[in-house]
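In the two complexes below, subunit A is the common chain; its partner is subunit B in one and subunit C in the other.
== the complex of A and B ==
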């Protein structure tokens, strides 16, 4: 069939304005689709944590907003837990902002000891880590976040607290990198510094533990939750994936809504393209009859009509994906402060390309079958 | 999907390298007791009745008759793009009756070269690409296709126009490209429906000279519909059709 591709391309370019408008329409609609899917993947990014991950989170059973007692740390560092857990840190969601409330990013007060072992996918050079350990008001910032906010190492930054009534003044001692830009959109300062600012009240948001093996993950849950069950502060111990899912659950049935909106977008795409294909097919009735007189079979005609339609929608898809990738993945622009990064995933690219091929084929189906089935003599006698 | 083109037969050598062979007088086209009735709103419209026509290999036959007498219909039946209501059409030993759509397409590709009144070139393809079109249905390599197309364009005298689009050609040139497209696969029979009907005097003469040459030099079997007695004079024999039936031609074989 590749022998016929030049004919397909020339046919597509025959009515340039119409083709450009249709491809542009597909590009726009597919951009909307890519946008929605990317928003979805970003919202559920936490949920996407690999199930094989060894990190477990311990939070208060009534929810994240309730602090845990510091005494729990003694138990967690005890023999029973140490058998299954290699490393432990305290981690508080600080929820501060920098200069402007709309500057949203993740910022945590975290134990610096064992930080590297628990957050093992982040990498921070040794000497910078040492500096962080030696200086109480030091903080480490994700490379992407620092770049976005124009921060330099050595700079003093004041975070405005929203949850805690303190505004820590912090010095950037280094930038860490992560496997994707997403992990680089956060910062950590020292938990003991926050505690000092709060007057030594020992408020713990969560404990994060790195289990030794996957089996230990389940064992940790039973041990910790069992231990605190009848205390005044019962805990809920979760895998990282489960921890993320509680945020996803708060967002309600966004997945369902996006599925509906996405389907609507695709249906519009099919109708828009079908209109174009039908017009072209009507204009080429005689030509198609001529091709068949030359010996082209019905399957050839089907191919020519469908391939032309798919070519146009696919061109639209490539265009919109190109724009999206440049804007979001390369320039790291984010459409809303709600999303620190807005990364188009390979899965989203695949869905967009698949949708283009599917919609292109579906739109062409009826005109293609009509064209292929029309009797040659009727086609030759046809007057448009 | 499997490549449906792979199964298509490859043509025998290109026209220019297959000059007139000996006078093997066998029937290339045999139309026997053919009738064709169209239906419009369930009303039968009898177009052809009891047609018998035999064309020997290497013959050049003109088909004349008043408008609406069924000339195009008869040509279409021989070309295998329409089916008779009754009777049989045998072309190059192939009984078209009972052939599937797929088989008919392969038959047309292999045996029929069709020339239309209004040329019917594909406007988005160059002269070269238009002539190449039927060869895409064969298993010929790109280099072989190029050679065949070059030969066909040379025969019609348009080698220098190979990269021109149809709209950049005169009517006569377009028709010559269409003739090149019709002969490039070296078909068994050339069918032409008023090939000069839309041309001026000079172009008409060029096309007629070309068809005569294809018949005499390259032994092409030709069936040509025409209204023009002068065009018919190019043929070796004239057949007349009136109200769907063949009538005795007055002066058979006169040039």
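== the complex of A and C ==
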């Protein structure tokens, strides 16, 4: 069939205005699909963290908003836990902002010792790490975040506290990099510095532990939650994936809503494309009959009509994906301060292309079958 | 002379398949458009404080209610300040409150954060529109709770009679309350002292009512100036708006989506109108020969495009009203870090906007095709080439 591709392309280019409008329409509709799916993958980005990860989070069973007692650290550093856990840090979501409240980004107060071992996917050069350890008000910033906010190494930055009643003045000592731009949209300053500002109240948001092996992850959960079960501050110990899932659960049924909206968008696409395919098919009744007399089979006609439609929607898909990739993945633009980055995932690209092929074929189905079925004599006699 | 609109209507009926397909496309875009804004409307509705205009909230600067903390002494100091209205009993209208957050199982799986509000005897006096819709109000010191009707549907085990285990103790739900659609309906309320004992915290905020308009500014300025307090006072309504502004800031996303979708629909409408002009080449030339001006023809096609939009718009808006209006949903307000239930609200005005935008989609899509219709060379067109 591929030898007819030339014919398909020529057919598509015959009424250029119509083809451009159809491809353009599908490009806009598919852009919305890509946009929604990307919003979804960004919201669930943490949930996608590999389950095999060895990181384990300990939070208060009442929820993240309730702090943990510092005494727990002694237990977590004791023999029982150390047998399963290689490294441990305290990590508080500081929730501060820089200049404008809408400048949302993740900022944490974290223990600096063992930070590199627990966040092993982030890389920070040795001398910068040493500097962070030697200077109490130092902080390390993700490369992407620093670029976005226009921060330079050596600059003094004041974070405005919201959860904590303090505004730490911090010096940027270095930038770290991560495997994707997403990990670079956060910053860490020292937990002991936050504690000093708070007057030594020893507030702990979460503990993060790096288990020695995968089996140790389950063991850690049992040990820690069992230990605190009857205390006044029971804990909930979970894998990084479960930790992320709790945010996804809080988003509510956004997943269902996006699925419904996405399907409606595809239905619109089918209707719009079907309309134009039908117009073309009506105009070409006579010439299809001529093709049949020349020896084209019904299956060839079916292929010609469907292939043309798929070609047009696919062109629209490629165009919209190109625009989306340039805007979001290359220029790193984000449509909402809620999302520091808005990266189109390979899965989303595949879904968009699949949707284009599906909608293209679906909308061509009825006209294509009609064209293929029509008797040659009827076609030749047809007056449009 | 204008071409009668009957001409367009009959034309649309003759090519009803094309008309219907285009109208369905525009209609579905309108459906999405109206639904998106119905959601936004519903969310905004919950975040408007409809309480008394002279209510002022005192809390830690930049904190939300659950993040703020105020000591007993500070609360006493605040209530004793000048300019605060007094109740029927002669005591100042000031309500210290504790707002805490707990992670509870949600109806339909998963867990989510719920806001718990510990209140004293003054809290209801300071807010209007809090009504008990089921059971009764809680009694102090017994660990009783009343649940907002929004939270009731979103969380599991909060129905009256239930005994939820929250923050180290068992509580008893004794009633359900409504708050005229305000965000309070997504909360659980209980006795201030009960909650303080469990959460081991002092107060979060103090809500007061000032005597008069000038008093508000004086009161706020005095709190600001008192460096010992390190607190901030603002109008209750302003606080609500701030929380809305940063916590639920998804409007940008919706707007991008709605705009891009509408442009997609414009392309569809343009395609249909071009085809409709092309198919009527001879007719148009005949109309010109009969003496209709090119403007009349241009306008007639534009009318037809607008009708197409109207058809889709009415269908889409009606569908949105049938399917979406009153639907409940919820999400987490990341600013307060707690769950917020809301209803989709399809208002008549929103439906009108939907129809209007659908007509604009039609007109924009029909603009260039209609123009083409006027540019046809008459002799060639009559020959039907």
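Basically, the second predicted complex is superposed on the first by the 384 of 384 C-alpha atoms of A that agree within 3 Å, B and C clash if a C-alpha of one lies under 4 Å from a C-alpha of the other, contacts with A are read in each partner's own complex, and residues count from 1 in each chain.
As a convention for this text, contacts are C-beta pairs under 8 Å (C-beta built on N, C-alpha and C of every residue); 3 or more make two chains touch, one makes a residue touch a chain.
Here the structure is a predicted model, which means the values were calculated and not measured.
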### Message
Based on the shared subunit A superposition, would you classify subunit B and subunit C as clashing or fitting together?
### Response
fit
## Note on the structure
With subunit A at the vertex, the Cα centres of subunit B and subunit C span an angle in degrees (to nearest 10) of 100
### Summary
Chosen between subunit B and subunit C, the partner touching more subunit A residues is C
### Message
Quick check for you: in the superposed arrangement, does A:29 touch first (subunit B), second (subunit C), both or neither?
### Response
second
### Task
Go through the superposed model and pick first if A:4 touches only subunit B, second if only subunit C, both, or neither.
first
### Touched partner set for A:253, first subunit B, second subunit C, both or neither
second
### Task
Give me, in Å and rounded to a whole number, the least C-alpha distance separating subunit B from subunit C in the superposition.
12
### Task
List the residues of subunit A that touch subunit B in one complex and subunit C in the other.
none
### Task
Quick one: which bits of subunit A touch subunit B in the complex? Just the residue numbers, please.
1, 3-4, 6-7, 10-11, 13-14, 286-287, 290-300, 303, 375-377, 380
### Of subunit A, residues touching subunit C in the complex
17-18, 21-22, 24-29, 31-32, 35-36, 39, 61-66, 101-102, 104, 160-163, 165, 232, 245-246, 249-254, 257, 261, 264-265, 267-268, 271-272, 274-276, 278-279, 335-338
#### Entry: Residues of subunit B that touch subunit A when the two form their complex
1, 3-5, 8, 76, 79, 81-82, 101-102, 105-106, 108-110, 112, 114, 116, 120, 122-125, 129, 133-134, 136-137, 181
### Message
For the complex, give me every residue of subunit C touching subunit A.
### Response
17-18, 21-22, 24-25, 28-29, 31-32, 35, 60-64, 66-67, 100-103, 106, 109-113, 166-168, 199, 230, 245-246, 249-250, 252-253, 256-257, 260-261, 263-265, 267-268, 270-272, 274-275, 329-332, 334, 337, 339
